[in-house]
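Presented below are the structures under discussion, each in the form of structure tokens.
The following pair of complexes shares a single chain, subunit A, combined with subunit B in the former and subunit C in the latter.
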Partner chain A sequence: MHTHVWKQIRDREAGKVHTNHFANRIKSNRISQLQLSNHKDIVSPHKGAVNSLQIDSTEGRYLLSAASDASVAVYDVQRPSASESAAAFSKHKCLFVVDKQHQQAHKYAVSTAIWYPIDTGLFVTGSYDHHINVWDTNTTQVVVNFKMPGKVYRTAMSNLSTSHMLIAAGTEDVQVRLCDIGSGAFAHTLSGHRDGVMTVEWSNSSEWILVTGGCDGAIRFWDIRRAGCFQVLDQSRTQFGRRPPILKRSMIPKDSSTKLSGTQKKHANGSGSRQLSIGRVPSKGPTKQRLHPGMLSTQDRATAHYGAVTGLKATEEGMYLLSAGSDSRLRLWDVQSGCDTLVNFETVRLQINKPLQLATTQDSTLVFVPCMRAVKAFDMWSGKTYTILRGHYECVNSCWFNEQDQELYTGGNDRQILVWSPARSIADEMGEGPTEDQDNWSS
Partner chain B sequence: MENIPESSSKGTKRRREENSDVGNTSSLEDDLTFTDTLVALRIMRAQFPHIQKGSVEPFMLKSQLYSSVKDRTQVDRELESLRRDKVLRLFKLNTGQDDHAVMFLDDYLNQIDRVVKRMEGKKVEECEVFGWLKTHVLDSKLETGIEHQELCSLLSLGGKVKDSHISLLINAGVLTRQLIDPNMYWFAIPNIGSLLKGLVQGRKEIISLLSRRRYKEMMLASLEKKRLRMSPFDVRFHLRDLIGSGHLRTDQTPTGLIIRVPKD
Partner chain C sequence: MGTEEGGHGKGTKVVSLIEKATNSTAPEVDPRLLKAIKTVVRYSDSELRVATLTLMDLMKRDHSQVRYLALLIIDELFMRSKLFRTLVIENMDQLLSLSVGFRRNVPLPAPPAIASILRSKAIEFLEKWNVTFGVHYRQLRLGYDYLKNTLRLQFPNIQANVERVQQERRERERRSKEILLSKYESLKENASSIKGGILSTMDEIDECLDILHAKQESVSDDILDDDELGDFRSLELQQLRLEALKEGEKVYENSDNTVVFDTLRELYKLLMTKHLISIQEWISVLVRVEASDNRFRDSTLKEFIDIRNRLKSVKSKCEEAGCSLLNSLKHDEEDFWEDDNVVSMEISSGAANNKNKHLDVASTSHKMNSDSLGWQDKRSTSSDTDRLLHQGREVESNSQRSKLIAEAPVVRWSSYLDNWGSNRVFMANQRGLELDSHWGRVDADAVIPADKIAELNVHAMPYEEKKIEIQPCLAPLRKGGLCQRRDMKVCPFHGPIIPRDDEGRPLNQSTSEDMNVHLGSDLVEQLAKQAVKNIRVRDQEGAKKREIDKQSLKRAKLAKIREHNEAVLRDAALASTSGSAMLGEDGDVTNEDKLSAKNKKQSLASMLRKKVTSKDRIAQKLLSSHARVTADRQHVSGEDAKYREAFPNQW
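And now, the complex of A and B:
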């Protein structure tokens, strides 16, 4: 194994292997060996289920976790806590925890905690007590507070934004609200969903595009500069593979052209009135609701899943979107064409009542999905199960992949945060031979 | 010990050479997997159990296809292209979260004709709506569901549509209302209500049969010989469905295939 790596380094020096290839090869090799970490452990102070995990995007060092006992904690995943630095197994205790004893803490479960994308000076938490708090990390005080009309399921801030500091919040209410940290007020609301919104994600390609998944099974794309959503994903629109072939595009739509004319007819007829004789052409109906052109999409009732949409993840380059639903299906969508690429992931059962957090590797080859008690890694384009990571005692809620160290962090209902990393043989670390097996009781 | 599997496999091989379509007597072990979705569909259609009471054309479940062809993505894509070529139709069933039934288009049209014949006693002029359905709606609308306005506009290409026509379609079982949305209908296979009930009960029966055992597993060969009390389908039908939907697992052992209830 080591000689192999030295040879590759030599090749890189000589220019036979491109630097990126070299790095990617080592990374994918490490990812293929993921298992429950034998050298790192995160000590979780939570007394309730861990609902969300996130590592900051600036340094890739601090892990933020939110739990159902209203506690939020931050850990340093690169340096272990001081007491155990000598041992081969490093324990990472939390740097601080904000729990119910704090005056400004949440009263009920915290469902989401995210870092401010610019630096780790702020973090945002959303909770079932209808509040979104923005905390200052160094003083652990709430600086801004937003009151929502319902339980907050997910909050998200755009990693790419240079001109806005908006927090998108998905709640029990049908409207998605955008909260502005700078002014402390709501910027605007996005309506179109017909039931609560369980997941929100900002696009990785544009700072203005937001994707939301609702309990009504619809996935909507919003451009926040315009009214209404500009795309609704429909599971009956499909394509084979990564990109629709250019020739076939003109052939696909016998289905989609009837759909387009269908939406126009719906608009002209209005939603409330129903005529007596149905055979009449709809555009001659007496009541014609005049809708803003941007709001035409509220009439579109296409669903992406047969149940609620419980998890969304956009790939790193922003071209594809993964969605998990309570119908226990995981679908891969092509964002540009809005079609389902028909990759079948072998998910048997997924959790239905809580939002799930999916994780992908940076080169978008693997996707990690919490499936009840195990975390399954699927190959993105063939849908085959790559590996199954079993370690939690109860349902897993969230996973986060740390691209720098190729480690996966998962949090579940059993209050644990587990670390999955490529195996490191302890003997190499210590510089000694294999440790002797000593039993205390047999002398 | 070695004679029994040898003789059964020899027997099925000989029979298969003589008559390739009669799959009723071959063991599931021999044809658990196929190379192609269309081949799998045809063979499963031939193996559809003969049910005396209700006359139903053969239909297959999508989960059966997943257990029969190795690559699930390939199954999805081939089903999609067959659906677009109007060879078969997909129907969403109400027996589970993601249950779909696959039926060849000709079988579906025959099924509708059977239903119409049985309804001949009632008003004859209203039965023309079935003809409109077949020519205008089924031809252009290939999805599993349809919206009310669109349905009416497509049917009105055949003639004047009244509310009673739609109720006739619903009574016949060709359309069902969607529970989530009052304006949308699902296409449905008429007259399979009792079969669907039998499907659900048969699934439960097999799973409880295996769960009651000490190690929650059984050899496929002995499981196949059981007769189900509450389901009109045979064990092989249910096994393909349960393996495809992930409720049961198969493992290869030196003595043959073994069926297990998975732990997670």
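And now, the complex of A and C:
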């Protein structure tokens, strides 16, 4: 393996291999070796299930975790705590923790905690106590506070945005709200879902496009510059493979609009008879005419999953969207066409009562999905199980892939945050432990 | 790595070993099996992999005993093999959930007593593993942490306990050191006063002794000198004389020096009970203490040791002077007793040894021979060359002897061998007891003649039966196997014992066989006729087939007849042995392997069954409807009887 690496380096020097290509190859090689890290322990101060994990996008160094015991903690994943540096494995204690002792802490479980995408000076937490707090990292004080109409399930901020600083919040309420940090008020209220919104995700290709997944099984695309949602994903609209040929693509919009009306009737009854009756009353001629053309899709009751949509993850290049549902299905959607790509992910069972946090690798080859007590890594395009990462003793809620170090962090109901890292080479391990791990047969 | 190519075929060995080891009801794994497993697994990685899979499979068994034994094996291997650790660690959560049973939907299986043992053992093992290997395996740390901090299971905390004990010991040592130091400090302050007190007492004693000796000297001086030159030349005499002199020197208490003696005794007592002990204590303190200035310590230590020596000398002087304390006397006495005991013990043990020796030897005359033979044997095993050298010489000398030995009868040992071949005459009345004229006149010279003695000492030899092996019955049993009953002539179940082959068929059937032949031939004729008819009726269907049919038919008939014969024989046997008719074959011993296997299975399965306690049995008896009815009736009749007795005139 090492000779191989040397050869590659020589090729890169000679210009035979492109720099990015070289880096990607090494990265993917490392990713393929992911296993439970034996040299890096994150000491979790949480006394409840870890609901959310995120590495900051600026330095790739600080891990933010939120837990059910209303606590939020930040860890440095690169430098271990000084006192433990002598041991065979390094312990990473939290830099600070905001728990119930803190004056401004949340009352109930914190369901989501995200970094401010520009720097690590701010982070945002959302909790079951109906509040979204924006914290100053250095003083650990609340800077802005939003009162939501219900439990907050998920918050998201766009990594791309240059023109807005909005926190998209999915709550128990049917409406998705966008909270403006600058003004401290709700900038938008996006209505269209018929049940609580479990998960929200900003698009990776446009700063104005937001994707939300609700408990009604719908995945809606919103352009925040316009009223209403512009696309609803329908599980019955499928395409085979990654993307249809270019010729067909131009026809799809027309095709889909005709299809939409058809599927609308077909799938209206999927959500239950009660909603059907409610839906039918306003769907008469006059109301339809009064609607803004862009709002037409609010009437669309297509579902992406049977049951709730529990997790959303847009791929790095923004062309595909992964969704996990309480029907234990994982679907890969082509964002452009809005079709299910019919990749059969070999999930067995997914947790259904909590929002799940999925993770993908940078080159979108693998997707990490919490499947009950294990985390499964699937090949994104074939759906084959790549590896199963077992380590948690209870259900896993969240995972986050650190692109910089090629490490995966997972948090579960067993209060642990586990680090999955590439296998270290033998040279790294030489002479580090106080005692070697050896066979111990009696002679 | 060559072993790995052995592949899957080899794995069965360890699998069968593990299966065997876990198929038992014992609380431990059979150590021999365990050892076998370890050796097999040690030299082959493929076997180890197979063993891991097998053990994990066994952990999934629905029986706590099996899981428990599997866990014990896992622990043994886990502590030893790195590969095994890496394999097991991958499924750590599964292993823990199967052994600790912490998942509510996966509880531990049936025998609850063993399940609880399994649980506690698993927790103990996990702790041990975590202490030893936790550094290397994150999964272990995780599992331990999860069980301890999340599920709050109670760990035995062996390591922590050891640490605590050590901590306590250190604390104790520290405290004792402090005490020593404080003592040392106090000693520093008042060393001189202590010394002074002791020295003054010693001086007083010296004075007392001086007074006593001065008195004595005036008396004994004149005798001493002139004797010195006299005739006590020889060493012994001189010794005696010296002793006598010493004795003379000793001062005895009399009316004159009672007062002195009293004071001396008192001082001596003081010395012994107080000063000597205190000085010993101080010395030990000085030895143990770790002081900053060693000069003072050393000097005082030296002084104290001097003082102690002086004390001892003074003490001996006092004792010479005759004032020993009471307790010392007692001590002497005790010593005496102990000595006695030891001696008697030795005697008895010696006697026992002698006896043993006697028993070992077959006869006195043989002793030498057997010894020499033994010697020869030993030598022969030790080295061949030696034997070759010596053989030539010994062949001649031993040829005759060995011949004699071959002929000589082996005699058991008894007391008559004491006077083997002696012609001595025994004195009848000289046995050491002087019973003069108690029973009338005694003839001291009465003699028992030698032939009489020989007659009295005639060796009695019990008749020893020749051992013959009784053949087992070996008749085939209905449930398989052969009858293992050993009887001399007739088996109560299978009739007379006859030689049989491996399957239990009699080898030489005499009468019944003949009968069979006759019957058989008749049948054959009939069958042949029928066959001819068949041929006429039907078309030919191949002679061979018919032949086979015929043969099988014949065989069936023969079997029937044999069965009948056996039944007859059995009936006869049953008739001959009364009272065992109902037992049938149940009492017989079956094939041993089968039985043991069955027993084991039964016990593993029976562990799952609920035990029937005496309470259950009583309940069954008492609560049955029959019992209740009879009890009621008894109760009613009892009341009736009482009533009738109380009012005999009323009907």
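A few points about this structure:
One rule holds for everything that comes next: the second predicted complex is superposed on the first by the 379 of 443 C-alpha atoms of A that agree within 3 Å, B and C clash if a C-alpha of one lies under 4 Å from a C-alpha of the other, contacts with A are read in each partner's own complex, and residues count from 1 in each chain.
By our rule, a residue touches a chain if its C-beta (ideal position, glycine included) is under 8 Å from a C-beta of that chain, and two chains touch if they have at least 3 such contacts.
All values derive from a computational prediction rather than experimental measurement.
When the two structures are aligned on the shared chain, A:Val343 is found in touch with subunit B, with no touch to subunit C.
Of the two partner chains placed around the shared chain by superposition, subunit B is the only one that A:Gly383 touches, whereas subunit C remains out of contact. When the two structures are aligned on the shared chain, A:Asn38 is found in touch with subunit C, with no touch to subunit B. In the superposed model, A:Gln416 makes contact with subunit C only, not with subunit B. Legend: residue contacts after superposition of the two complexes on their common chain; A:Arg373 is shown touching both subunit B and subunit C.
Of the two partners subunit B and subunit C, it is B that touches the larger number of subunit A residues. Comparing the two complexes, residues 373, 390 of subunit A contact subunit B in one case and subunit C in the other.
Touching subunit C in their complex are the following residues of subunit A: 36-38, 41, 87-89, 373, 390-393, 414-416, 418, 433-435, 437-442.
Residue ranges on subunit C touching subunit A, taken from their complex, read 38, 42, 79-83, 85, 90-91, 93, 133, 135-139, 141-143, 145-146, 149-150.
Residue ranges on subunit A touching subunit B, taken from their complex, read 216, 236, 238, 240, 254-255, 258, 262, 265-266, 269, 277-279, 281-282, 301, 306-307, 326-329, 342-344, 346, 348-349, 371-374, 382-384, 390.
Within the complex, the subunit B residues that touch subunit A are 66, 71-73, 75-77, 80-81, 92, 97-98, 140-144, 147, 149-150, 152-153, 156, 160-163, 166, 180-181, 183-184, 245-247, 264.
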